[in-house]
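Below you'll find a set of structures to go through.
Each of the next two complexes has subunit A plus one other chain: subunit B in the first, subunit C in the second.
== the complex of A and B ==
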């Protein structure tokens, strides 16, 4: 057996650790920024590390059956698999790890990013908690809402660049010397508005709604299950941000640029969320099927008629 | 396992530090004490500085905060909520009512000492305790967790017969499911 496979595995582990660390720190920054805007001091930025370590060191974790075991496992599988298909850094391999890109991996990612939520829905369904059932139905309804502008945005840029692979999009942006967000701005706006829903911050925290649904699908998950879900959520936040940076903002050539770009991008849903109350489910879906979808259709038409 | 400072393993130290700095609170607002929780959590007294955070369900929580008097009817729900929480778990008795019944000391359907029914780790005295007192109580609980002394849950498991007998003495219609917490 040659050495390259071991180096690839090492690179894979390093990528996961990087995604986890950055994602957890972003979670801490969000809590800190929320606190400062609410005129509080707020927890330290490493607070989420304490939370995750504490949840992993819980002594008991009750479960109601196999599917509840598998739900968080599906979620973290989907997060890590999605991470494997996204080039973290542009132009060079992120410490010897060649990501698993192939022709059409953007379409594959569209399915893969939904897989975690569906697994969580199955897991939450078995707990038998009525809050979980309501949360799952709300979450899936909202997903139907934001997937449409998101897919429209992706279709627009895929037509623009004549490729369905993320590395292809990166090469296209490098060759043109401009970012996709300037080249097809309507698709960027539609994708950004869809991203508000993907991050589930207010006003789109409909499925979790701690005040009315007792944290929704997660309400019966305690201890290590919750720790697994928080780990998966941290990695997945990083995945979504890096994917967005890759396809719209030309990727990042080093880690500092990556952190700057993803952090600025992350502030859009966060800051919009802090000053917003919560939508009802149908308001949320109506929002996504309104202006974001319209802008997405305009973006597709723009590409069709200008190219 | 109760462990003093000298016999603590390195893992115990890390785990206890994490447990100390991250307390997910299930505020069981039974009585008037619940009105002191919003100022404790919001911008004036900001308990999130200490890693204290409200949680919506017992499954996710570490600390059960019993704020105020407990009628026998609510005691039943408190016991169910407590037994659904995952180990290690802690209980804070809040206000005079959980210590000696407070102003309900001669009431016919409230309990007087909460510690007879579920194991209390820290009491916060007062009627009402101000948010400063609440935060002091939490900090004291954090100290106990760091030393590994906040082991009310183990006490509950060891003396389950005694606690069950006390609970059944006041709760007449005992038709609760058996939880394998």
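== the complex of A and C ==
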């Protein structure tokens, strides 16, 4: 009994550290790649790591009240809790720490993943900064857009595998020896298009729009608040990537495969974003309710008629 | 009874209870009734009385229709479920564009009733359980929210979200109660609203209602919009001069709100305390053995969610982050007003208005414009106008000329003579 508690704490720490490291360095790579495409030299890949460490060591200058104080805590709670429910590695002989993988399922995760944005939005709301409020209004509106193809994709694969749990989906893919992205390709495409919105890179960076909104919701957070929010953002990027790899690409059996798969996946929104301008909010919503939703509907029908 | 009569009876019952539970297209009375009634009663109207229609629907669907001799429940349940889902989506869209807090909550009630109707109409064990659980949760959190709006109205004299703002520092307890209820309304774990939503989605997907789940999810996601709008419009945002002296509502208003909000958390962790009476009721109505577990939810495919692990995980991580942020750090930070913000170099003057409250979701409104072009009222009005034209035409038989009436009498007598055999048999 004693032993299992220590193992679960160790698992928690190891998973968080892994997610943090991978997420932060992916952020650095994105900055480097963006710079190279724009013909700049760009910051070194470990720049984000330095930024976060620097922010952690700084004292926080101002606050606007309790809700702002709690906003970053909400955000990190959501990303770390989501991380706990997602299987990071899925090997035959060696399994990464179990954490809470068998205690939740996809529909729970859908809701858990919004918890952070809502908490952060409330924190940003208390600052009274109109940029933050506009950013939140845009972000939530856009969320309604991309959640529709995303849910359609999830429904399609859940019907295909007859399970709603992530571990169940992994088992299904292992047992069939194929990846979900080949078994229901239309659902994969819909999910991928929804993912473009989920990562908030251009052309879907409406909530943060640096040129219009001065980073929107984050603009009043400094010091430790910003550090916690950047940490949470890095972990959350990792969570989304691993979730996608788990449910569509058969999971990863070791760390190298995990990095390869998530990195390739991450490049889709990044490379698409670098060469794109920004949509207006209503254009962005209508984009997601157009082709991605149509493909998602086809994906569901495909599963219904072929299984 | 003949099949036709059974079908007609069913439709009539559904229409009757549909009016009470505000299912589209019979919902038009509800938003105004909930929004314009006196504040002290609205919590009961929306929270409890609207459940009477749901109760009637449940009784009819479970214990009467399923025992019909040669009827088929399928059509009723599919049509009713789709009507419920469409109610959810449309009412949510209307809630998003409201500027009055009471009216927002009223539309939100209609939307939530839509989910409950979906659950009842599907009629599997899990979905009925989900619907009844959601009905109870809705009574609790919507009651709390209406009480909170009542407290705000009493202290400030208005419920207009474009005028209110930044009451969080003046009415912190009301804010906490509203925050808890909003989290439950949005269906975010670990509060009670999540349990109902989870069971509804699982029952929909297990029973192959794949597009219904997307419709309910659309309205549930759009519900985040008005949830945030409600909290932001009343409690967050720029501080306004006219609300400087507002005080917290009296204890007799705050304590019930806090108790109800606390019960949301309790039922989110231990939903079993509600499952037990619900399961007993369902067994009484003849749905057979209903399985339930104190802290574990599960669906027909054997997937499950453990509420205790969720709550433990959330509380632990939140606690760590909170201690990290607050210890030492909190005291060193300086509190600044909402005028002391980053505005790109300009320093806002005392009287400059930085509030962002009017047309809060304009981009979203533009995106959903095609769906909002016509209100249901429009069709009712058109129907009424059509009837008026029809009766206007029929009225012309009264020409005011005695000769015409004499002809009517003759014609009537001729008909009577010619067809007397068929009429009187």
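The criterion applied here is as follows: the second predicted complex is superposed on the first by the 297 of 307 C-alpha atoms of A that agree within 3 Å, B and C clash if a C-alpha of one lies under 4 Å from a C-alpha of the other, contacts with A are read in each partner's own complex, and residues count from 1 in each chain.
Note that a residue touches a chain if its C-beta (ideal position, glycine included) is under 8 Å from a C-beta of that chain, and two chains touch if they have at least 3 such contacts.
Fair warning: this is a prediction, and the values are worked out from it, not measured in the lab.
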First, second, both or neither for A:125, with subunit B first and subunit C second: second
Touched partner set for A:43, first subunit B, second subunit C, both or neither: first
Touching partner for A:278 - first (subunit B), second (subunit C), both, neither: neither
First, second, both or neither for A:35, with subunit B first and subunit C second: first
Partner chain in contact with A:221 - subunit B first, subunit C second, else both or neither: first
Winner by number of subunit A residues touched, once subunit B and subunit C are compared: C
First, second, both or neither for A:100, with subunit B first and subunit C second: second
Touched partner set for A:58, first subunit B, second subunit C, both or neither: first
Subunit B and subunit C footprints on subunit A, overlapping residues: 59-62, 131, 214, 219-220, 223
Residues of subunit A touching subunit B in the complex: 31, 35, 38-43, 47, 49-51, 53-54, 57-62, 131, 210-211, 213-215, 218-223, 226
Complex contact set, residues of subunit C against subunit A: 166, 168-169, 172, 175, 179, 183, 186-189, 194, 197-198, 201-202, 205, 208, 210-211, 213-214, 217-218, 221-222, 224-225, 227-228, 231-232, 236-239, 299, 301-306, 309-310, 313-314, 317-318, 321-322, 324-326, 329-330, 332-344, 354-356, 360-361, 363-364, 366-367
Residue ranges of subunit A in contact with subunit C within the complex: 59-67, 69-70, 72-74, 76-77, 80-81, 84, 100, 103-105, 107-108, 111-112, 114-115, 118, 121-122, 125-131, 133-134, 136-138, 140-141, 143-145, 147-148, 151-152, 155-156, 158-159, 162-165, 168, 214, 219-220, 223-225, 228, 280-282, 285-286, 289, 297, 300, 304
Subunit A contact footprint on subunit B (complex, rising order): 14-15, 17-19, 21-22, 24, 42-43, 46, 48-49, 51, 53-60, 62, 84-88, 180-181
